[in-house]
Structures are given as structure tokens and as C-alpha cells.
Amino acid sequence: MTGDGASEDALLRAVEATLFAAEQPMAAQALALHLGMPQSPGAVRTALDALRAHYAGRGIELVERGGLWHFQTAPDLAHLLRREKEEPRRLSRAATEVLAIVAYHEPVSRAEIEAIRGVQTAKGTLDVLMEAGWVRVSGRREVPGRPVIYATTPEFLAHFGLASLKELPGVDELRAAGLLDPVDDDMIEQTLGRDSPPPSGAEPDDAADDTD
Amino acid sequence: MTGDGASEDALLRAVEATLFAAEQPMAAQALALHLGMPQSPGAVRTALDALRAHYAGRGIELVERGGLWHFQTAPDLAHLLRREKEEPRRLSRAATEVLAIVAYHEPVSRAEIEAIRGVQTAKGTLDVLMEAGWVRVSGRREVPGRPVIYATTPEFLAHFGLASLKELPGVDELRAAGLLDPVDDDMIEQTLGRDSPPPSGAEPDDAADDTD
Amino acid sequence: MAADPHPDGAIAPEMDSDAAWATPLFAEGGAARGDAALYLEIDGWEGPLDLLLDLARRQKVDLRRISILELVDQYLTYIEQAEALRLELAADYLVMAAWLAYLKSALLLPREEQEDPSPEELALRLHLRLQRLGAMREAAARLMGRDRLGRDVFLRGAPEGLRIDRKALWQCQWFDLVRAYGDVKVRGEPVVHMVRERMVMTLDSAITRVSSMLGVALDWMELRDFLPPARESWTNPQLRRSALASSFVAALELARTGKAELAQDETFGPLRLRAVAR
């Protein structure tokens, strides 16, 4: 603090550290008071300007808003603070079933999906499929209650490498592939006992006949 | 990101902004991951070194503590900042001694701590250090009784401004003088085998076994 | 510390701030407090090793060159004087005193009468223990005196924070999709099958049938007469029972809505119904 240069540098460092550690933006006057030099707000302002110039273009900048100074991350780097991290997650069994039903029966209402699956479908399951970008709301069915109906998206076809939904294997092909082999009675019992009943007795029948 | 210089500068700014905004110290690897370049921790390390050099002597500095990096105010400005900050927890004499023993001898069991101090250590003393986040249980020693062993944490290094345990004050001299040699297991066993406080009857034997 | 007659003894040092213990108790200039102070500070030590270390430092020489004999004398004097002042001493202080007295006598006895380990070796080991403790005490003081985060150096006061929005990248393979549909179909089919096998007459069809038959009937009719004739599929006893039950509920429903009236002359007797005249 002997020469002017040295004392200026010391003030610069003090202002820099104080603003860095401060929990709130600070006015030049408050900084001067904090640094024990209430008579020299001008010197503090000079230091603030010098600091602002030093940080210009760096990853951090010193900004003044309504007379209050604070450090912040450079605005063009704001995307670094909010980073999206994509985590691969396997679609749940329920969601896969719902997706398959939408693909085979589209457009289809939630009640119809439930009827086909034989169990109630959680609201979140369709949300997950829409978040994944594979299912969309395609309108409303013109029946009483005007239920929302769902359909697949072009992203769905792209993800599964399909030119169109017609490329999905038919029921006969599924049977040939052994994917429709009867399950044993215990399993049926479990399925029936575990899940809530379909919304109506008749619907599964109709819906199932659909694809034959 | 066209030329090398430009991309280096961009990385420098990104590392600077990220560490500045981070609420916790970050490892180079974590920074690389956050910046979407997990394959290039080396480039991030180069940027960190450049930044550390840039900030040297300023009011803020970039430091590495146990592999984790953070910005902090320059130590010589403590007098300007301390007045408004509350003092960190004051440690009891016993707690400071136990902390030093854990740091210089880690990993170390409670019996080993007691053997060095010559008194039983109150349960609460280690708890206080663990609550402060400076000491953690690091496992069990594979000897009869499988005693819990303690070690320091990255927070310990950060709090005391140590890049690593190698920077502990006087650690080389103490090691050269044999004062950090492992405490003999027999002695610990004897210490543990007694109901009376360890220093009492055990003392002469302890001392005798100590140097074997 | 159960034997410690000074309950504060175990606690008081814990309360001391690092500065408080590092300076007055162990300062080389301990002479300032005089001998009298020594006895009053019995609470100040955490066990005999602590006291021995302090005594060793009072020799005002490097800890490596202290005289064990002098140390032993100091300790024994301290214990004696404490006893003279009727201060109760913890057992560990007395045991240490006994051992030190033994060590002293061994050190003074002629060499050839010694057993293993030699008293010199015992003294050396005591010495090393004091050095170890002394080293840790100094290390602790130096550690506490460093530039500490939150006391001397500070992190950023108001960091923006890094937020990572986790976005699920949903994974599903073509085969998973197709197999899931197969599972749905397989699960659905038996349900359908069972419905077909358990043939029923629905309430709706019973109401339709009963009310249309009532419309043409002129007089009381027995409920059973409303059932479909037992031909073809209607011979199935299960289905007939279902039809009877449904027709009965249909009759009740028609009576409730005022379209029919019911009569039964005796318990379990035939149930008759007829249309209510408009």
C-alpha cells in the first residue's frame, strides 16, 4: 500500500474477493464501507470498472444492475448451468404393452387400451410414451364422453425401423413364432386376481377380434 | 471451435464458468463429464492449470484439494472478509488431537488413536469430527475383532487448504523420525483387553511393545 | 474415566478451545504460573501421558533430549504433593507413578542385575510415546492454524449452482414390442374364452323379454313362463338358472318402475306377475 499502483492493486483484489464471497449484490458505497474506506467510493468505482474490464469475455463477468454489482456466469454459457443429461432407461413392461396396443389398434382410447390389456393403465404410462415421443394424442372419439384417442408418431416408426404399421407382424405370425402359446392356468389366475377387472366385460372380446 | 486456440479458449471459459457456478468442488473428470467431453479429462486438466495460473495473485484463486477443484478467496484477504462471517465450529482440544491423529495415521482405529493419546476417547469426539464431515469410517481392519477404521474426507482437505495428505504440516519429518509408524497391534489388544483406562496398567507394556 | 475423582477432569479439556490449550499449558514459559498452579491444574491433563508430556516440555529442551530420570522425579513429586494436598488421584495416575518408580530404580541399579527388556529400552519407549503424542499435538495446532475454509478463505457466496436435468432416453426393442403384444393377446384370450363358456342371460335382455311378454299377456303369469323355451342352447342348466335369476331381477325392476305388479301366495310358492293397467 505504498505506491499508488500497489494500493490500487490491493483495492482491486479486495473488491474482487468481497464481491465473490458476498451473498448479495453490493453497491459501490457498501463495498467502500465494508473495506473500511467510506470516504473513497470513487476509488472503489474505479476498481469495479477495472475488474469489469478484466473479466469481459471470460467465463465469468462482473455486472452492475441498478447500482448493485455482482459476479455471474457469462450469459452465453448459461447452458452449462442447466445441463440435460440423457439417461438410457428401459421401458417398463406395462408401458411396452400399452405401446404395442397403440401400435396395433391405433387410434385407441385409454378405456380401450385398458380393455385389451385387462388391467387398468396408470396415467403415467401414457405420459412416458408421449415423453418418449412415440405416442401422441390424435384427437377425440365422437362417442359420448368424447374420449381422447392415441396414435403412434413418425418417431415411433423411425425408432423401430418400420416403414409403416403394416410391417408389424400379424396375429398369425405371432402364433407361428410361438408368441401366442397358451399360458398355464396359474398364470391366468394370477393375472385375473392381481389386476383390477376390465372396465366392461364385453370390450376385451370386441377389441381382441379387431386384429384378426 | 474451429482453430485449436479458439477451442482451447472456449474450454477455458466453460471450465471457469462451471466451477464458478458449482456449489461443490469438482474433479477434472466430473467437469469433463459435465461439459460433455468425458473422453478428454486431460484437456480439462490443462485448462484447470491455465486457469490456476491466471488467478494466481488475484483476489480469487483456483485451488485443487484432494483432486477436487474450487474457487476461493485469497488467504491474505482473510481480514477483510472474516468480520462478517461466523467462525467455524471451535473444536475441543481432544477433537483436534484426534483429527490430527486420523489425518497423519490414516486409516486408524479408535484403539490406535487411544494408544497414541494415552487416554480413552469419548465417543462423541469422533462423532463431532464425522458430523463436521472431516472424518469418515473407511472400513474395518482385517484383524480379530475387525475394528472400524477411520480416515479423512475430501472436505477435510478442502477445509484445511491441503492439496493432499502429503501437504500435512511436517508430515515428512515426522515420518522420517518414525513417529508415524503403525501402532503395534499387540499393544492395542492389551489396551482393549483392560477395563481400566488404557494409560494406567497398560502403559509400560504398551510403551515396550510400541517400538518393536 | 470411571475412576477419575474429578469428573470435570475428563470434560474440561474437551471444552478448551485450541488456542487455550496450545498456549498456556504447553508454552515453554510455564514458569510464570509457578509450582502452586501446577497442583490446581490437576484437571488440566487428560491422563498421565498428557501430564508426563507437559512435564517433559518444562525441561525446556528438545523433546528428544529430555532426561527420563528428571521426568520421573517430577512426576513422582507431583503425585506426592497432590496427595499431600489431599487431592484424590485417578488410579491411572497412581499406576503410572508405581511404574515410573520401578523404572527409576531399574535405571539406578547396577547393570548386570537387569532383566529383559533393559530399563534403558523401557525409558526409550516411554520417550518415543511422548514424542509421538507431542508430535500429534503440534500437528493439531499447526493444522488449526492453517487458512481454513469458512474462516480465512471463502467460497463463492451465491453460486448459481449446476442443475442437471435428467432426461430419460427410453429404450425399447422391436422384439420387446412384439412380444408384449403377444403377451397381451395370450392373457386376453382365456378371459374371453371363459366369458363364452359361462353363458348368461343378461339383465338387459331379460328386461326386454319380460316387458315385451307382459305387454301381450292379459292375466297373471308365472315367472318361469317368461323364460325362453328349453330348446337348443337354452337347455343348458347353467344358462337356465341365469335366465331365471335375470328374469326375477327384471320383474323386480319392472315392479319398481310401476310397469308390473308381483304376487306370491306362500313362501317359495310360484311368483306371478302381470302388467299394470295403464
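By letter and in written order, the chains are A, B and C; residue numbering begins at 1 in each of them.
What we mean here is this: a residue touches a chain if its C-beta (ideal position, glycine included) is under 8 Å from a C-beta of that chain, and two chains touch if they have at least 3 such contacts.
For clarity, every value in this text was computed on a predicted model and none was experimentally measured.
Seen from the Cα centre of subunit C, the chain whose own Cα centre is farthest off is A. Remark: the per-chain Cα centre closest to the mean position of all protein Cα atoms belongs to C. The distance from the centre of subunit A to the centre of subunit C, each centre being the mean of the chain's C-alpha atoms, comes to 31 Å. Per-chain CA centroids place subunit B at a distance of 26 Å from subunit C. Subunit A and subunit B have Cα centroids lying 37 Å from one another. Residues of subunit B in contact with two or more other chains: 18, 20-21, 34, 71, 73-74, 81, 85. Among the residues of subunit C, those in touch with two or more other chains are 154-156, 160-162, 164. Interface residues of subunit B facing subunit A in the complex, by the touch rule stated above, are 12-18, 20-21, 34-36, 58-60, 71, 73-74, 77, 80-81, 84-85. Residues 1, 3, 10, 13-18, 20-21, 46-50, 90-92, 95-96, 99, 103, 117, 121-122, 124-126, 128-129, 131-133, 135-144, 146-156, 159-162, 164 of subunit C are the ones that touch subunit B when the two sit in their complex. Subunit A contributes residues 17, 20-24, 70-73, 80-91, 93, 95-97, 99-101, 103-104, 116-118, 128, 131-132, 134, 159-162, 168-169, 171, 174, 177, 179-183, 188, 191-192, 198, 201, 204-205, 208 to its touches with subunit C in the complex.
Against subunit A, the residues of subunit C that register as touching in their complex are 154-158, 160-172, 174, 176-192, 195.
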